[in-house]
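Below are structures written as structure tokens.
Across the two complexes that follow, chain A remains constant while its partner is chain B and subsequently chain C.
Right, the complex of A and B next:
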């Protein structure tokens, strides 16, 4: 079991390496993508400086907490799009019958699909997330927990997108649905949890589980609680399992588009 | 002129097939409005208080209108199609055709966003009435507001085209679109200019946000003929400058074009 996991991890890293090598053929585009993504993210700090000039506590968060929230959110999406950059394309690949070339590979089909693309801008997100961690307060403990949580967050976001993307085996418009769910997660998890009241918070623990991806990790970084830590780890494993089950159950219904293609 | 009208009509008819996709996109709009509703409810301790001279209702209506402009006019044609045409060299095939590529793109863009914008307009009005209630609005101001809205759409389209034309010089202009998006979202959609520090307010009036989002939304929530004239003058000046800039970039860019056979 452990050997299998080790092999898959090695495969993921190799895929990313080759994806990045391909993207680096045009160095100017490669670098502008990274630098502009950092600037793009930084623009939102202005938004929060303005909000905090109106009130110094928003939903129980101070400016420093929002900085950490943004760091975790950026890091989470960075891990998702750096390692599993094709997750957004999964519904289209399924709907257009384009996963044949992945089926014949001697590796896990889902992992092969998800790791077949890397978004260069995700490197900008990753750098930005660590810059924000430094602004929040760097320590070895914070660094290790932060790194762990952006990995678990990235896996949670990827898993949710895979679950919704796998609906493309059964319905059309799964691409729009996946886009909407990912957009919803991104919209909510960059705002303080405390401003949301009532039933909406149930969604944060279920359909759009941003509590496990971002809010709980933030609370743990501020004040360690073993229960929350275990909850994040168990939920990550659980949602990953559901994502694999959803995909492979749907795969039985897959029909090829008979498109001749080769992966290079 | 007739050929552009036909392009507009053909695109409009084509877009009718995608109404269900537009409706699915409503979710994202509603979530944004929901978040800002929660946020401004939190920031206005006392519902009767004013922030930067605006009441809570005015502030939320402002966000609804600017988000409506944002969602209702977003279109891939101005971003992806131009960039792809330049990167692939496909733009070369349009050079000897009896139409202007830029006017073709603008016409196509307006054909694509017309239905979308009308649907978002209806959604915005319904959302505003449900969550906040009616706003103090004089129907006589409507023709003036329509003029400012139309100009804001044209200015936004021309700015987008200018950014996409940067692909003549660097291969992928998408990162510059991200920056423009963020300038509009952070400075132009979330807050009106009055919320920013006083020192920054005159500078912000020179940025695209004043003519693209702030101007039209401000006239809806707080109309005055003086504001209309000021915004209209700035829009006209902006339009002249960016059209000249676009002509310059396009003319120079086309000369730089390398087409790799095929």
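Right, the complex of A and C next:
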């Protein structure tokens, strides 16, 4: 069992290595991609700085909190798209019968699919997220927690997208659905939690659990609470399990398809 | 027991949405979708022995690819049982993957941005083969399968033929016991086809790999395979050795003649006129019913300019079986 996990981990890293090698065939595009992502993110932060100069507390968050929130959010997405970059395309791959080649390989199918693509811009996101952590305040403790939480966050986001993506085994419109869910998570979690109240808040903790991915980690970084910490870890494991179960259940319905296709 | 593949009463059907024409039709299919069941594979059984090269053929839509996909663990079967190297593909997919190789002529497995060399190394890693072993293996393949010319060219810059060659070689990195090839020669020119055939033969000889091949190219089948399984509409219609297949039809000869003068000839016992253009005739003679000499007597030998007597080509034997004639 442990041996298997080790093999899969080694394989994930190797996939990323080859993905990056593939992306780096054009070095100029590669670097511009990263730099533009950092600039792009920074532009959003400037909006908030202007916002705060008018009103200095939004939804209970001060400027420093927003910086950390942004750091966690972009780190979360960086991990998702760096390691599991193909998750966005999962429904498409399923619908167009493009997962055949993963099914004949002696590795976990879901992991092989998800790791088959790496978004270069995610490197920009990752660098940016650590820059924000530095702005927020650097300490070894913060660094370790931050790193742990962007990994759990990345896994949570990937898992949710996988769960929705697996619907493609049953229905044909799953690609737009996954796109919407990912988009919603991406948009919401860059706003202070306090803005959202009531029903929408419940939604965050259930269907779109960015709460566990970003808000709770933020609170833990501000003030450590063992209960919240355990909740984040347990939720991450739980949602990962659900993601695997949904995918493998759907896989029994996979119908391949006869399209002429190439890997790109 | 020498069987590496055992298939018993295997079936698979697909459910496809039926769409009616026009806007109203589209609306209907959203509100109350209608489904049609296609029986792609219907209750087929066969065995394959170790080291065989099997041609698994049939007309378009016969269910060949569907069968291969079930044998390789890509699709789940509805009914029946499959055992490949003693493994049930639906239950032990990973274990099976180490034992088999797959090449789909219509689907690419290689990463187009990487060179064949890097692709092979990545495949090696997928199968947990130590790096130095992979490197040695690649060297061996470059030699045997003559890849040195393009081993370091990104796959997307390779010609179709070179690419397919690399696809096949990539599927051999982990030394599979069985290789499944679904139309490996599709879209290739005759020279490259010959190349691929040589490669397949060599593989079978050097590594004792069992080969399970589908193709619409009679040349592939004739030059490679000792046994043929023909399926049509999801059912096995013939499972026999190549020799037997030919033997059954060997009692039929084709006579093509060019005459000085017009001849009038009608179908008679054992003789069928295939083509009659006055001066040029094409006859099929069933030697069980009448002899060649009898048939020739019907033609005035003085008036013959040219004559050619041949066996029925494999192509038309197969076509006849597809059409359901015997």
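In this text, the second predicted complex is superposed on the first by the 258 of 264 C-alpha atoms of A that agree within 3 Å, B and C clash if a C-alpha of one lies under 4 Å from a C-alpha of the other, contacts with A are read in each partner's own complex, and residues count from 1 in each chain.
Here, a residue touches a chain if its C-beta (ideal position, glycine included) is under 8 Å from a C-beta of that chain, and two chains touch if they have at least 3 such contacts.
Because the structure is a prediction, the values reported are computed rather than measured.
In the overlay built on the shared chain, the residue A:101 is in contact with chain C alone; chain B does not reach it. In the superposed model, A:44 makes contact with chain B only, not with chain C. Of the two partner chains placed by the overlay, only chain C lies in contact with A:22; chain B stays clear of it. Greater residue coverage of chain A by touch, when chain B is weighed against chain C, goes to B.
By the touch criterion defined above, A:36 reaches chain B but does not reach chain C.
In the superposition on chain A, A:226 makes contact with neither chain B nor chain C.
By the document's definition of touching, of the two partners only chain B reaches A:176; chain C does not. Within the complex formed with chain B, the residues of chain A that make contact are 26, 28-29, 32-33, 35-37, 39-40, 43-44, 46-47, 50-51, 53-55, 58-59, 121, 173, 176-177, 180, 183-184, 187-188, 191, 195-197, 200.
Chain A contributes residues 7, 11, 14, 18, 21-22, 25, 100-101, 103-109, 112, 252, 254-256, 258, 260-264 to its touches with chain C in the complex.
Taken in their complex, chain B has these residues touching chain A: 20-21, 24-25, 27-28, 31-32, 34-35, 38-39, 41-43, 51, 170-172, 174-176, 178-179, 181-183, 185-187, 190-191, 195-197. Of all residues in chain C, only 14, 65, 69, 72-76, 93-95, 97-98, 100, 102, 104, 106-114, 118, 122, 125-128, 154 touch chain A in the complex they form.
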